[in-house]
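Got a structure here, written out as structure tokens. Questions coming.
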Amino acid sequence: MTITPPVLSVFETLESEVRSYCRGWPAVFDRAQGSRLTDEDGHSYLDFFAGAGSLNYGHNNPVLKRALIDYIERDGITHGLDMATTAKRAFLESFQDVVLRPRDLPYKVMFPGPTGTNAVESALKLARKVKNRESIVSFTNAFHGMSLGSLAVTGNAFKRAGAGIPLVHGTPMPFDNYFDGQVPDFLWFERLLGDQGSGLNKPAAVIVETVQGEGGINVARPEWLRALSELCERQDMLLIVDDIQMGCGRTGGFFSFEEAGITPDIVTLSKSISGYGLPMALTLFKPELDIWEPGEHNGTFRGNNPAFVTAAAALNTYWADGQMEKQTLARGEQVERALLAIVEECEPDSVSFRGRGLVWGMEFQDKPRAGAICRRAFELGLLLETSGPESEVVKLLPALTVTPEELDEGLRTLARAVRETA
Amino acid sequence: MTITPPVLSVFETLESEVRSYCRGWPAVFDRAQGSRLTDEDGHSYLDFFAGAGSLNYGHNNPVLKRALIDYIERDGITHGLDMATTAKRAFLESFQDVVLRPRDLPYKVMFPGPTGTNAVESALKLARKVKNRESIVSFTNAFHGMSLGSLAVTGNAFKRAGAGIPLVHGTPMPFDNYFDGQVPDFLWFERLLGDQGSGLNKPAAVIVETVQGEGGINVARPEWLRALSELCERQDMLLIVDDIQMGCGRTGGFFSFEEAGITPDIVTLSKSISGYGLPMALTLFKPELDIWEPGEHNGTFRGNNPAFVTAAAALNTYWADGQMEKQTLARGEQVERALLAIVEECEPDSVSFRGRGLVWGMEFQDKPRAGAICRRAFELGLLLETSGPESEVVKLLPALTVTPEELDEGLRTLARAVRETA
Amino acid sequence: MTITPPVLSVFETLESEVRSYCRGWPAVFDRAQGSRLTDEDGHSYLDFFAGAGSLNYGHNNPVLKRALIDYIERDGITHGLDMATTAKRAFLESFQDVVLRPRDLPYKVMFPGPTGTNAVESALKLARKVKNRESIVSFTNAFHGMSLGSLAVTGNAFKRAGAGIPLVHGTPMPFDNYFDGQVPDFLWFERLLGDQGSGLNKPAAVIVETVQGEGGINVARPEWLRALSELCERQDMLLIVDDIQMGCGRTGGFFSFEEAGITPDIVTLSKSISGYGLPMALTLFKPELDIWEPGEHNGTFRGNNPAFVTAAAALNTYWADGQMEKQTLARGEQVERALLAIVEECEPDSVSFRGRGLVWGMEFQDKPRAGAICRRAFELGLLLETSGPESEVVKLLPALTVTPEELDEGLRTLARAVRETA
Amino acid sequence: MTITPPVLSVFETLESEVRSYCRGWPAVFDRAQGSRLTDEDGHSYLDFFAGAGSLNYGHNNPVLKRALIDYIERDGITHGLDMATTAKRAFLESFQDVVLRPRDLPYKVMFPGPTGTNAVESALKLARKVKNRESIVSFTNAFHGMSLGSLAVTGNAFKRAGAGIPLVHGTPMPFDNYFDGQVPDFLWFERLLGDQGSGLNKPAAVIVETVQGEGGINVARPEWLRALSELCERQDMLLIVDDIQMGCGRTGGFFSFEEAGITPDIVTLSKSISGYGLPMALTLFKPELDIWEPGEHNGTFRGNNPAFVTAAAALNTYWADGQMEKQTLARGEQVERALLAIVEECEPDSVSFRGRGLVWGMEFQDKPRAGAICRRAFELGLLLETSGPESEVVKLLPALTVTPEELDEGLRTLARAVRETA
């Protein structure tokens, strides 16, 4: 496929320099279906990024699309603040019936505003209010969002510097396997907590991703998550699982922490919760934590009702039985086999890979190579992104609805890009 | 109209106690058109709140609806991160042609995430980065959002307490008319700035609303805004106008600051920018301030393309000529006349009113009366909200597309509610 | 008198550039008695600075000197941490009998470390602990010390910048007469406190100097102090009077707030409390505030026992009757008359003066002139310093034990320096 | 010896509850000589605490006493702000000749105010100014002082809570041997520094004690200090050694870091620098760091000239040759032998000990026993204190001038107290 660089004039002249993805993918996209995007020149791209995990059911999923258009056609409430609506009720009931009850999860549901960072901000507020402490522990290479509260528990130095003020009240701890098994889990954290002279302000909560997506596809082991959960309980700290990118089935189960068998105190969801790429977020918490005063946290777009409609449709369509989880794990095995083959073709120790469900990462010793692979993949019609603190990891985040054939096609393109950048 | 309290079960049992509007309006809304909502029992409500200013063109505006459905039907990109898309280009071009160019505004456009607080957070980041100072001046009774950065420049003590940490780096100054003309404008602010011993950390920026919506419909005079703008220039501080609620035509002109003839350094827009109640926000700034590094601020839902579609349609439909502004001012005069009549019927000095364009407030000396009026209005089928630090102001925020007849109907209901709560 | 610039070698080569007073007074001082210093070349200087208010009883006061030498000779405890000692008991008893009881002041006494900033830090800690709030209100041009807690409530921008971090949790309010009577007292402060939407974090305490020494000899009126005291009580904020420079008789009474008839909740004392220029400080507070845990605040040099000895001697010698106060007020009138005469000789409106007791300031419209006068005075054998945010005020701070003749001599020298810099 | 509890009335009724040492040593001390204190009832106490390390040359050392009385008698300058004085010059010259030059140390000397916390505050200010970063790394169980800047880098949770505000901008790292050799030195610190996604704000400086006195007599190995010094250099962070308690010969050499062969960028000294227990402190730094503006940090009691006199006398008397160091090491061996004997008498693993020079600690598994030993020692006429986060360590800090006989006497009393509390 030959790609003529498009005339990006209005983007280049009017839009801010802050834009980023569009630089790596110099095309003007026009429409999309499932795992395919088409640009205005008619070129087709296979999508292995899925809106950074916001499109687990693919672009413009036809089932959800139908529900959405019906809702708009019949003039259902579009903007509902936090008013009770029939669409919100339908969503809440589906969420209760399809997600919470079968998993025996006792959570109350909060609509904190339609983005992930709204959910994280509300989770941190609630934890601080409940425990009456200001300090939060996060992990190395965590990513939780870009507003000041979330940014303070995010690891990336470049993003943090963007705050323009010193970020405080957060302390990083080593994520699972940070020292390649050299050091017992939580050795440092537990010592600090147990030592009255350690200088660690007692945390209100710990916030963790089970798989760090932005941080480089770092996968926490179930036993590490269980130990963390126990540590939190023992030390009277709340456990917040930020499941914004890894929830909604990305790792197999609906919640990424199910595999570990833990029940976090607070959970944040966003990205794929609406199912259709529409802005929506949830904050879930144990009922005894629901000490919010009415309106203590609010926001204009908490009631994005079209998103509730597609969200309910997605739950009812994909999560009423265990098929989705099985399929994701099967697709994951397909990816794993392909990555293993790619790695075996490479120089020994030049690349490693890891993942869970349908999130995978390939880390290159030669760090810039990851970016080169993504650039080459784009030329070959495959959308791939890097992650990790130095963009050294190629990140695979296909839609969960990707077909085995699409997956195979994309993995072959990836293999070619790897070869061609060796 | 008789209203049977609905069974709100799932809202009461599953949704968090943080919900608020739904408590004052105990109905389950189902659909909406223009200025009317209908609940699931078929009751109809006239809407004088307009999604807190997010529905300036009414609910489910038919022109925008058509564009939206067409876009969805043809599988236009829904979730676009910050990728270039045809929908984004169409929006940017419309925004340039219809909004910026005719007003000679030189702004670069940033998509900071789809909510107002995203826009404010990005504005504060940028100001701090540009000036390399951390301090921001805000005004008494300001409201800028609920994430930590925005909350630190918000006045409301109850909302601030929700942060769970001391909010820092912000200093409040008196808003226009805070002392009823007793004190020269900016006396305190200018003295602090001019005095090397004042203890004020030199601010990077000043953030202001031209009309404080949440703060109680406090209207800044054009001359006050001009003086503020000059003060900022003289003192090397950036001027940020938060036009999230008052922009998009609410006060007449597209931007609320046009009347004052100033050009802020940074402008935030959200709420009605999508035109259809879909989450969307913009941060505008002078080109020389565009020193962002690629990706220094980001967010998953920056590219809510359906919102771009309705936003472009709204601009092209309503702002290609000067009709909208004229109509809003005319409707505003209708409101003003009605409020004057209501006030003249009341006890002397028990109530005052103020406003601009189609945002008006009635302040009651007997503060709880404002709430009582809203409750009575709801029973009479009119949606009205209070604002102000002690909810002492009845706030009128009808859609700009409200008909004179609807306006008249609502104002008569308001008059009745005022009478019946005397 | 001709002064040969001394060879300051070790000061210039070894001592840090941070040194300051020695730059304005380029002499190497050797010994001192009363109001006179002598440099190593035998030149004599009349001292109108008195160790920035630390030498209210003059240099090496013979009565205190005798007590000090006797104590050292007999091997009295020198360094006593916070142990009970006979010297500490003697001081505490004198302080109770001579200072607290006659004034009906109920204070508990804390030894917070031997410097003023230790006292301020402990006062702020205690206020925050008692009220469980972090915010402190200070005043424009306040000076409270150079450690981070004290610096955050200090006004001077240059000193604040030295912190190297943003100083937070303090909010400045206008000091008495900040607007030359244009604005009612406390208008801004009271409005902020009364307005739930003001954005002011509710303060734990207000810290104030009755006369701002470093800030430019700004004298608060008794009625302003009374109104402040009432405001604090009404609003449940603690009132801290920082009497470090203005206490110990500087303004006439032992405490500078006696004239206003108020009883602050917390008082800080240092500088002249030891009477001999030895490091010592006290924090006084109402007994119900004494909720400190043992050792919650500490410090190595809290028990500078030689200072307790001279402190007790000073109290017993000078404060057992009302003579000191009368004499100070008489000397103050002498100063006032002389300054009036000087001012009358000057260009109209080019200079103003103000003061209380034995602290006076002359403010020059031509700001650098104040420094020029001090430089000329030094050449003429008089030690004088500037103060104020732009060093525009000549500050008179003679020892309280200065004789009328010495006062007259110094004031004549001052008059000459004023004339010669016209 | 029988001790009648004294009537502590004025201490109990007038002095604040914050007092601490006096509670463990319920006597009223009157005079002292060398290593002996005498209370007002004539009881004598052997001092193994030495003013928390402020009395390295014993109480009222006769050589220094002579110099001090001579100086006072001849009316030398007592209070000198930062003016040049003959006493200051003599001190600076001695410090240069006796301390800096023989050790080839290039430091500039700053007088930051007369207490340790003044020195630490100035060191942190300077580091932040030089590096233009706000973050400081300190170590577990560090103690650096009680004003807000110093407290933020202090580990003790009880002291930190006293601040009344969240302490920020400091991050604790594990001190040497924190994990009993289980973990490679600086593994965590280096990983955080090297990882762009770690979430650690890049530090301006690292502040460390070579032996943590308050923290429990934790001794850093020379190789650990060297590695830290190299890490700081490699990572462009300043190294601050807080030598307030461990400097002035406590560990053998004049500076405690000499043994490790490192040259810190900044050094703080206080406690024993005056030699006589008089308040005095120094901040030393490499000349290229001396970017202070005149007066950017100041303080009233920076020029405590009597302390300069005793300080110079101490340097000239004790440090002109290498005798002091040799003697301290010899006395240290005497202590070590005695502690070994005591420990061997105890239950296995119930107690351990460690130290360097003349600072030693015995840690008891049964934590309250350390306090019981100190109480029993007091009854037996020996002043001993505990340290460590839970006061589980008996701390030996005798004067460096203690005689072998006194040392033997005290160690025998200690042994008896240990036995009697078994």
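Think of it as A, B, C and D in the order they're written, each chain with its own count starting at 1.
Methods note: a residue touches a chain if its C-beta (ideal position, glycine included) is under 8 Å from a C-beta of that chain, and two chains touch if they have at least 3 such contacts.
Just so we're clear, the structure is a prediction, and the values are computed from it rather than from any experiment.
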Next item on the list: Identify the chains in contact with chain C as well as chain D, in label order.
Entry: A, B
Next item on the list: Starting from the Cα centroid of chain D, hunt down the chain whose centroid lies farthest away.
Entry: B
Item checked: Rounded Å distance between chain A and chain C, as computed from the means of their C-alpha atoms -> 58
Notebook entry, point to check: CA centre of chain B versus CA centre of chain C: separation in Å?
Noted result: 50
Item checked: Length of the line joining the C-alpha centres of chain A and chain B, rounded to whole Å -> 30
Notebook entry, point to check: Where in chain B do residues touch two or more other chains at once?
Noted result: 134, 158, 165-166, 169
Checklist line | chain C residues touching chain D - in the complex, by the definition given at the top | finding: 6, 8, 10-11, 14-23, 25-33, 37, 40, 51-52, 54-55, 59-60, 65, 68-69, 72-86, 88-89, 92-93, 95-96, 108-111, 113-118, 121, 124-125, 127-129, 132, 134, 145-150, 152, 158-159, 161-166, 169, 204, 270-271, 276-279, 283, 285, 290-301, 304, 306
Next item on the list: Provide the residue numbers of chain D that touch chain B in the complex, in ascending order.
Entry: 165-166
Margin query: If we count contacts the way the header does, which residues on chain D are in touch with chain A in the complex?
Written below: 134-135, 138-142, 153-158, 160, 166-172, 174, 178-179, 182-184, 187-188, 191-192, 195-202, 215-216, 388-390
